[in-house]
Structure formats: structure tokens, C-alpha cells
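Same chain, two partners: subunit A is paired with subunit B first, then with subunit C.
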Partner chain A sequence: MSTTLERPALGTPRKVAPAKDRGTLLRSQVRTGWTLLTPALLHSGIFIVIPVIAVLVLSLTDYSFGDTWSWVGFGNYSTLFRDVDFLASLWHTVLYAIVVIPISMAISLAVAIGLNQKIKGIGFFRTAFYIPTVTATVAIATIWLWIYNPGSGLANGFLSLFGVAPNRWLADPATALPSLMVVGIWQGLGTKIIIYLAALQGVSRDLLESADLDGASRWQKFANVTWPALGPVQFFVLITSIVGTFQVFDLVYVMTRGGPGSETRVLVLDIYQNAFQDLKLGYASAETVIMMIVIALFIGVGRLLQRADTND
Partner chain B sequence: MTSATLPAVGAGQSSSKPSAIRPGRILLYVVLIIGALLMITPFLWMVLTAFKSDLEIMKFSWLPSELRWRNFTEAMQTAPFLRYFRNSLFIAVGETAFTLAVCTTAGYALAKMPLRGGKMLLNYFILLLLVPFQIILVPLFMIVKSIPLFGGNNILGHGGIGWLNSWWGLIIPLGAAPLFTFLARQFYVSLPDELAQAARVDGLGEFGIFWRIMTPLIKPALITICVFQIEAAWNGFLWPLMITTSDTMRPLQLGLAIFSQNPAEIQWPYLMAGTALATLPMIVLFVFAQKRFVEGMANVGIKG
Partner chain C sequence: MKRGVGLTLLAAALSVVVSSCGNGVIDKSTDGVPPAEATGTLRVLLPSFPPSTKGREEFQKVVDDFQKTYPKMKVEPDFATYNNLNEKLSTSIAAGIPYDVMVTGVGWIQPFASKRIFEDLGKYGLTPDVIKEKSTAALIPAVTYDGKLYGYPLIADTRAVALRKSAFREAGLDPDKPPTSLAEIKVAAEKLTKRDKNGNITRSGFDLASATGFRQSFTTFLSSTGTPLYVGGEPNFDNKAGLDTLLWIKSMINNVQPYGQTNAAQQPLVLTGEAAMGIVGGAVDCSDKGIGQKNCDDLKFFRFNSGKEIEYVGGDLASIGSRSRHKDAAWSFIQSLTKPATLDALAKLNKKVPAYKDSANSPQAKSNPLSQFVADGLIYAANENEVPANWLEMRGNFDIQLTQAVLGQKDPAKVLHNLAGQSR
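Entry: the complex of A and B
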């Protein structure tokens, strides 16, 4: 690497007096800068930017790995809105997001506030809440598959202690999606707690203390000092949660494959099956574009909520 | 909090509390401990199941009647777990090395080099942070399939399978995420320019300054990137599922998923033993790197 960098450019004297000639220095910095940046630019261009553009283009075609394909305009889109599998997936994904995001944000914030009270054994609690997050979703899904086992799983075993009748959990259309939501909430707490905790520690001490002096109650302090200070972090957590919940796949793939029936079919699963089992790449791309639009809508609503909150 | 007696002018001892045990405090601990138990119990249940016999798991019970260590060795034999394990390790190491190389160089250039449009380039990488991998699933697959001159492809990328079913395909496309470029940049930015200036006076080239002076100073960032990337690579599932067809390259998570495909025939003790083995390395890594990992996570969150 370094040999190419030290090669003198055209017209520059071979030995540059160090740090004397600003023009030469600038030129060599610019050259080094671009050399260092090029791999990342190339990589992101090839593996992120081109695919994003390609998905928009593909969605207007009937491409399916073959040699021939043709433009179909918005045909894929109009087919999608009559496709019961797609509509079910969209509905379940939106439902999953609407339930999982607020609940997990609320629990995470509550736990973070608890952990922020100069708790003993913070390391233990932090590890406990974070372990599900560093564990592979496939492993999580496998464990919960066993917990939800109708015959001898932990869920029924535990609930029977309280006299609750055994449930079929993932096999029962009524409880399948909620059962997945529980796992989604459970696994996602760790990241949010850590972020909230860091943010809480950044809340101005002075403000809290002057609130104390004014005789503010705990609740007043939370509502008037802590909550507004958390604004930007709330938004970050919200965005990452939206993007994360819309991506749910591993969990569903291992635990239910979208079943029973299509009660737990979600968008990425449907896209995956359309693209890589039915080889309808154009169709799956159109589905992806719709997913992007829905995510953008969710983020837009999130921004509105945040703005309404901070304008008070 | 009614007892805020001292206004505490000094920053340090602002909240020296009376150590009386209050009921609220006890309630807090009880709630937190219950919460922590809810987090840990599934893992405990996994480990306990891994020691049970096929007969024992027919009925619900907490503890195994004896510790059947042989479940672990037998599980390793029923599926090529060892090979999956080695594959995952290889992918994690390869992807981390690739990410470190690409993201530190780019992060440094963005932070310290006087590039025209530098601000725009930074925004470009921040914008890319928002693109989830699932969105580009289909075209990414097609691009990887048509990498020229690989897997029987001609120079135009036709005719073969490109990087499908290859280590290249498993490692390169998902490595070097913009997140890590951004993270590295945040750390380089905070280093003082005088350091580079002094090295320049000593006659060190620009690349030497990057590699020998600046990069050793952002060790915390490098560790954060390593831990994040290892976790991500180890836990990856959808991408390997899409691009591997042969068992020889499959990573651990794929092996687990295949193992649990048919609920009626799953041998739970074996599956739990395999899952425990798959989970353990990342938990150990996390416990060791805990503080750093958490700081990195928090920084990304707050600065993002």
C-alpha cells in the first residue's frame, strides 16, 4: 500500500521539505484521502447504492432469473393488492410493529430509569438484560420454540403452577402472533435499555437539582426535565425499532414459517419466498418497495409525534 | 426525594443519599430482579434441557435427573456442528478483518483529510446507515451472482454463479457496514491535529501518519468495531441461507435452523445442547467486552 502512496506525483520534487510547502502537503493529503476512502465508496456503491436503485427498477419488470424479461409497468403493484398472502403479511408486520415498539420502548425506559438510581450490582443487571440481544435470533427462536412446546414446554409448565390450562401457543391461530410478539419484545429490550441509560446519565444534573430546590415532585421532575431531555434519543430508538420490527424474519422462519395457515406470515418472509422459492424477483422487488414506503410512513408519523411532543 | 438538603455546589458529591432503607428502594430491587430472571430463565431452561434424556422431556420438569454430558458429544455427531462452528468462525474473522481495513481507512479520510465535498461524503455514509439489508435482498443476490470472472462467470458477469456458494459471497457484501465507517470517523475526529502535524515535521508520510500514529490511538473504537462485527457475523442467518447451497460452507445458525425444521422429530436435548454451544462464545465475548460494547452502543445511539 505505502509504496503507491509515496510515489511522487507528476511535477513534484522528489524530496519534499517536510511541512514547508502547503500546496504540496495539501495535494498529498487529498491524494491519500481519496485512496483511503475509495474502498469504502466502491463497496457501498456496489453493495448498497446500486441494489437500492435496482430494486426500484426491478419492481417494474417480470424478471425471474431467466434470460428474457419485460417491462410490466405497475402490473406487479396492482397484482400485489389482490394477493391475499401479501396483504396478510403486510397486516401482520404492521400489527407486530404497532404492538412491539411502544411496549418495548416503555419497558426499556422504565428499566433504564430503575437502573439509573445508583443500583448495586449494575453489571449483573446490565448483562442479564443484554444477553438476549447478543444471542443469535435463531438460537433465541429455538429456545422459545421449546418453551412454547404444548406438551412439556416451560410456558405451560409455569402457568400450570397458577392453574392456567395448557395452551397450544404457536400452533393456535389466536395466540401464534402474540407469542412471537412476546419474544420480539423480550429480545429487543437490551439495546434500548443501554441507550436510554446512557441518555439518562446525560440529563443535566443542574436542572434536576434546581427542580429539587423548587420542591418539584419526582413525577414533575420526570415530566419537565428528564422526558424533554430524552427527546432526540427517543427518536433514535423509535427509528431503529421501526426498521428492526419491519425486518423480522429469523424468528418467524424458525418458529412458525408463517403458520398456522398464514397467521404469522410477515413481509420479509413473503419477500423471501416469492424471490427465492417462486423465483419471482420482479414481484418480490415491488413488495420491497411497498415495505420501504410503509417504513417511511412510520418514520414520518414518528417525527410528527416527536414534534408534537417537543412543541408543548 | 424530599430530603434534598444540600444544594451541592461541587459537582462530585451531588447526591450523597441517606442510607436508610426505604420501601420504594426494596420494591425497585424486587422488580429489577424479577425482570432479570425473566431474561435469564430461557437460557437456564436451555442448559437444563440439554442435560436431560429423551424420556425426561416428555413431561415438564425443571431439573434433569442426572447431568448427561454425553448429550453434547452426541449432538455434535448427529449434525456436522463442528464444521458449522469452524465456518462461522472463519466468516466472523474474515468479515471483521475486512471491515477493519475498509472502515478505519474511510473513517480517517472523512475525519482528517481535506477532501472537497467531505461534508457531503459524510452525509452519504450517514444516509446509508438507514438502509436495512432486507430492503436490498433481491438485487444484492443478483449482484453477487454476477460478479465478473468468479464462479464460472465471464467478464460481463454472465454464465456462472459468481460469488454464490463462496467465502467471498459470505464475507464481502455484508462486511464494512457504513455504521462502522461512521463510528471510526467519530473517534478519529476527536484526535488533535497537532499529533499529525508533529509526525509530518518528522518526515512521516500521510499513510504512515494514519497507520502508525493515529490508528493506534483509537483502540477503543477498533475493539468496539471488532465486537460488533463478530457478533453480527456469528449471528447472521438470512444471507447465508440465501447464498449457500452446500453444507460445506454453512454457518452455525443455519445448522441450528435446519436441525429444528420439523417440530415433530426434534430431539430437544440435542438441539438445546447445540444451541447452548452456539450461544456460549458470544455470551463469553460479551461478558468480557461488556463495558466497551455498551459504551460503543450508547455512543452510536446518542450521536446517531
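Entry: the complex of A and C
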């Protein structure tokens, strides 16, 4: 048995696949695409789309886990805007986000710049800064509860060295929310530092060297080379921070449960309280919808700021 | 054709997922089936057994007793706490797999009975008249809704007052004449409060036991003036008695006790010596493992009386889920749970007193002076009384808004008016 291989003659026009074959090829690609997408679509459908639809529908009802429920239209929404607990929670959450996000981003960037230098023991420092991120929030909250303990806590012990009178931190309405913000800032540093560090390592060496050759100062290099290069990363960190701070719950739940009074009551805690303690699932669903809208608004503002920054 | 097959497979997969989420863990009903032949899993939610080895052992005894009647049925316990009880209840209902037996507290029965989440126990012969012969009268109103019984009292969670005799003598007060009215308590507490040179309180004059909220203490103090919190589901605190009581609490906080004071062991502060006087629970361990006999001898117990002698009484109450598929088995489990020996064990584990009728002669009451005192005082029982249908919502509202009033963030009169308006 022999096989003869014929070389196509030069100049012979190449066979063009008929349109039908081309279509078959595309369909198979489409099918493969859908097949690969199916697990993700199923996941999104079951765990995102269906719950979102359920929340939207529930928000129009007075469902409270009983046998009976009725449609209330936008009644839950109109009640929400007269609900002092909801308004206080919304304000605390926005305040928490406004304070925690910029401070934690600034500290993270500064630390990342430090960790991007060739200094001794850099591995240790990188690990140390990342540890809070991989530690369970409940464990973190428990440690901070001790730090803030008015009688035997580290915070008062440390401040007493400078003659500062003991503070009741989480029990004082004036200091409870700021105390939680400190923990939130500290806890969120690790992830942001890692992202900034990766971005800093991607800043063009050529541009930095060119700036050096042009005699640019450190600040000029940062402002004109590094900062613009971090643009997309800044936006990513901002978005994830907005979502994260608006969803703050476990920290507050363990440390203050929203108290004293409602001084540290945040949106998700209020939603949890309404849904699972007060059993007002319809009302809590309306609150969830409002929270989604507020997060979307914040992201929109962040995007506008980012665009303005890029245009500059 | 191929697309059709694919879609059919997808639909089949989805239906499997949905059906397994919805019904996979629900048994067939065993009601009407002879107990010896009944199979399935009885799901019980109860905050009554602490998560200790001893707690688990006592629970197993209940299960063993239940399985003498229902040998083929399994029991799946969920050892909740009062903090996450509602969360467990609501999520189980939302998931379509409600518990068969649910143990809740005072104030839970009426809202859940009105939502038809709890079963009327009259079907099992347990009526208000029958329960009178079995349980302490103090908790019968708490398990009654619309003239029917929806819960079976297990243990009573009581609040009395204790003073340190040595602290009283040191302050020139007579421990044999304890202050019982709110006015007397304030005068004594101010004398008993100790401060450091900077004015910080080092020993509280009176422990209001309100670190997590003032709802229970407000109810207690108000009741001692002869004013129940609610009457027939209607608010009874938006009045002079309510305002005086709230102003009294406000005058005590950061005057005789720092706001939020508690200790790591969550013990009443008067038992540990951190307060000279204060609210205590239902038992004290006078052994060397507890506070010791010397400390116990230094304590004197009494009740609030600003016109009416009262003792705050909460408790653990067992109910059957109305959507249970094992109602007969659930009733059998409650019968095992309410045997006197089990209630004695529960009382000891929880530092409370058993809720059976002759609680004053229970082993728990005989074991320590505080349990004896509170068991004797069950006739003075007071609590939130006849709460409104939205009480579960109001519990949190009370804790938040009373705290705001006490800390001076809101006007006390407006807070009470607001709370009255929210009660419905």
C-alpha cells in the first residue's frame, strides 16, 4: 500500500469553503461557547438572577413568613423613607464608606509603594500586611473587642501612657462608629496593597527611566508616570471598596450589634434585623433594592470621577 | 433536533436542582402512623441545652426516652441561642423545611401563633385548664393566644435583686432593710458607688443588667410600679409611670453604673463584687467552683416593689410547628422534654428554675438560695404581659430607642410616645 502526495500546482486557485460549511463551523463554535458558558450561566441564574427577581417581587409584598401575604405595591418603599432606623442606617453606611474608602486606599497605596522598594525582609512585611485579609472577621472583631475594652483593653492602656483618660470606645455614641471605621480600614488594607503592588510592578520602567533622564523629582515621577498608570487599578479598587463597605455586616454584628442605640447600625444589619429578627421579609427586600440602587449610584459617581481624572 | 435534546437535558438538570432544593429533605407525614412504624427525622430547634458535654448528654437522654415510643425516628437537634432563634425559625420557614419542635421565649408565642406558625396544643389535650395543673402559673399567659395553648413551659428565667451585705454596712446602710422602691434604690446606689480620684466608677452602686438593651429592665421597673408594659396588646407605658421609670433609668446610668458595663463571664455584677447591688438571674453556685460560700453568705436577695412586689419571669417554651409532618411525634418529644427529671436538668444547666407547678420544691430550688428565692417568688411574676402582634419587631425597637433616651440622644417622652405608636 502506497500513498501518493500530490503537491498542488502553483497558481491553482485555492478552494473556497462553501457558505454552508462556514455556517456549520460557526454554529459549532457557538455551541462550544454556550457549553462552556452553561455552568457560569446556571450559577448566575440560580444564585443571582432568581434571587434578584425574588427580592424585587418580595419588596412589593408584606410577606412575613406567615401563611398569608398581600401585595402592597410601593408601600414598603414609602414607609422606608419615613423609617428613622433605615435612614440612620443609610447615613451610617454612607459615612462609613466615605471615611473608610479614601483613607484605606491612600494608606494601601503608600504601603504598596514602600513594599515595592528593594528593602530587607520585604517578604515578611508583605505577609504581615496581608494577614488581616485572610483572617476571619469574627476573629478580628473579637481581638478588637479586647483592644477597645474600656477596663483592660490595649487602646486605653496605650493612651494612658500619654496621660489620656480612658475612653469607652464602642459604648460611647461619639466614638463607636469611628472605632469601627478604624477596624474596617485596617482589615481592608491587605487586599488593596496586593492589587496596588501588582500594578506598581507593571508601571513601565522605560517611562520611569526617561523621567529620571529628564531630571524629574520623585514626586514628579509619581504624579506624571506612576499615578496615571494606576488609573484602571484605582477604579477597580474603588468599585470593590464601595461594594465591600456597603456590605459591612459581620464586623458590626460581632462588635456592637448596631449599638449603642443605633449609632453603628448599618444597612445590611438593618436588613438582617428586619428580615430575620423582626420577620418583615417584604420590607427588608425593599431595603435591599434601595441598597443596590445606592451602590450603583456610588459606582456611577466613581466612574465619572475616574473619567474626569483620565481626561485630565 | 440536537438543540432540542440539549434544552431537554438542561431543563431536566434544572428540575433536579430545584426539586432537591425544595423537597429533598422533607419526610412523608407520620401523623396517624403507629409510632413503632413511623420513620423520618424530627427536627428540633432549642436554645435550652448549652453546647457543653453535659448539655449534649442531657439532650441525648431526652432523645433516648422519645425513641422508646418512636424507635425508628431520628432526631436532628439545632442548638440555637436566643440571639439567632428568629433567624433559624425564619430561614427554615422560607426554605420550606420548618422545625417540628421549636423552643422559644416569652413574647414569641403570640406573634407566631397569629401567623399560624405554631400548632394549637389543644389537639393533644393540652388546654389552659390542663396546663394549670402542670406548670407554674407565671408562664401560662405567655403560652396562651386567643384562649388556646400554643406552648409548654419548660424552665422559668427569673430576675430578682441582690445586695452585698458587707458593702451595705460599709456605706452605713442596713442590709436587713433592703431598698425596694426605685427611689430608695437610687439613694442607696449613690451611696454604694465607689469612684477613683478621677471620678471614674470603680464599683457600681446598682447593676441594671442592661448592657445589651433596656427593654427587660424597663419592663421590670415599670411593672414594680403596678404598671404592666402592655394590657390586651395595647401599650401601657406612654404615661407618667412610663416616663418616670425611663427618667429613673437615665438618672442611674453613668451615675451609679457606667453604660454598657458587663464582665467577660456575663455574670451578674453583684455576684462578682463589681457592683454592690443589682439584678440577678435564677441561680447562684455557692460551691468553690462558683463564687464560694463566703460570697454567697454576703448576699441578700429581694424583689422590686415600687407599689407592687414583682419578679420578672421569662422562660423557655416548647411548641409544635404547624407545618410539621410529624406533629404526633413532635408532641411525644415534648412529653419527653417536659418530664420533671429533664426540667430539673435543664434548670441546672441554664441556672434557671423548672417551670413545673411545684418549682419551689424542685432539686434546683433546694440546691442554692437564689433559686429557692426566685422559685418562691414566681407568684409575683411580671413580664411584658399581653404583647401586641408585632412584638418581635418591638423588642428591637425598645432596646434601641430606650438606649437613645437613656444616653440623652432622644427625648424620653418622645421615645415612649413613638414606641407606643409603633406597637400594633
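For the reader, a short list of remarks on this structure follows.
What we mean here is this: the second predicted complex is superposed on the first by the 270 of 312 C-alpha atoms of A that agree within 3 Å, B and C clash if a C-alpha of one lies under 4 Å from a C-alpha of the other, contacts with A are read in each partner's own complex, and residues count from 1 in each chain.
In the analysis below, a contact is a pair of C-beta atoms (placed from the backbone, for glycine too) under 8 Å apart; a residue touches a chain by one contact, two chains touch by 3 or more.
A quick note: this is a predicted structure, and the numbers were derived from the prediction, not measured.
Legend: residue contacts after superposition of the two complexes on their common chain; A:276 is shown touching both subunit B and subunit C.
Once chain A of one complex is fitted onto chain A of the other, the partner contacts of A:300 are absent, as it touches neither subunit B nor subunit C.
Shared-chain residue A:46: touches subunit B and subunit C both. Of the two partner chains placed by superposition, only subunit C is touched by A:262; subunit B is not. When the two complexes are overlaid on their common chain A, residue A:153 makes contact with subunit B while staying clear of subunit C. In the superposed pair of complexes, A:228 makes contact with neither subunit B nor subunit C. Contacts of A:102 after superposition on the shared chain: neither subunit B nor subunit C is touched. Once the two structures are overlaid, the count of subunit A residues touched is higher for B than for its counterpart among subunit B and subunit C.
Once chain A of one complex is fitted onto chain A of the other, the partner contacts of A:284 are limited to subunit B, with no touch recorded for subunit C.
In the superposition on chain A, A:85 makes contact with subunit C only, while subunit B stays out of contact range.
Residues 46, 272, 275-276, 281 of subunit A contact both subunit B in one complex and subunit C in the other. Here subunit B touches subunit A in the complex through residues 1, 4, 7-8, 11, 14-15, 17, 25, 28-29, 31-32, 35-36, 38-43, 45-46, 49, 57-61, 101-103, 105-106, 108-110, 113-116, 121, 124-125, 128, 130-143, 172-173, 175-176, 178, 181, 197, 200-203, 205-208, 210-211, 231, 234-235, 237-238, 242, 252-254, 256-257, 259-260, 263, 268, 271-272, 275, 278-279, 282-283, 285-287, 290, 293-295, 297-299, 301-302, 304, going by the rule given at the top. For subunit A in complex with subunit B, the touching residues are 1-2, 5-6, 18-19, 25-26, 28-37, 39-41, 43-44, 46-52, 54-55, 58, 111, 114-115, 117-119, 123-132, 134-147, 149, 151-154, 156-157, 160, 186, 189, 191, 194-195, 197-199, 202, 205, 209, 212-213, 218, 221, 232-233, 236-237, 239, 243, 246-247, 249-250, 253-254, 268, 271-272, 275-276, 281, 284-285, 288, 291-292, 295.
Listing the residues of subunit C that touch subunit A in their complex gives 10, 13-14, 17, 86-87, 89-91, 93-94, 111, 114-117, 198, 200, 212-213, 258-260, 390, 392-393, 395-397, 399-401, 403-404, 407, 409.
Considering their complex, residues 38, 42, 46, 64-67, 85, 150, 165-166, 168, 170-171, 173, 257-262, 265, 272-273, 275-281 of subunit A touch subunit C.
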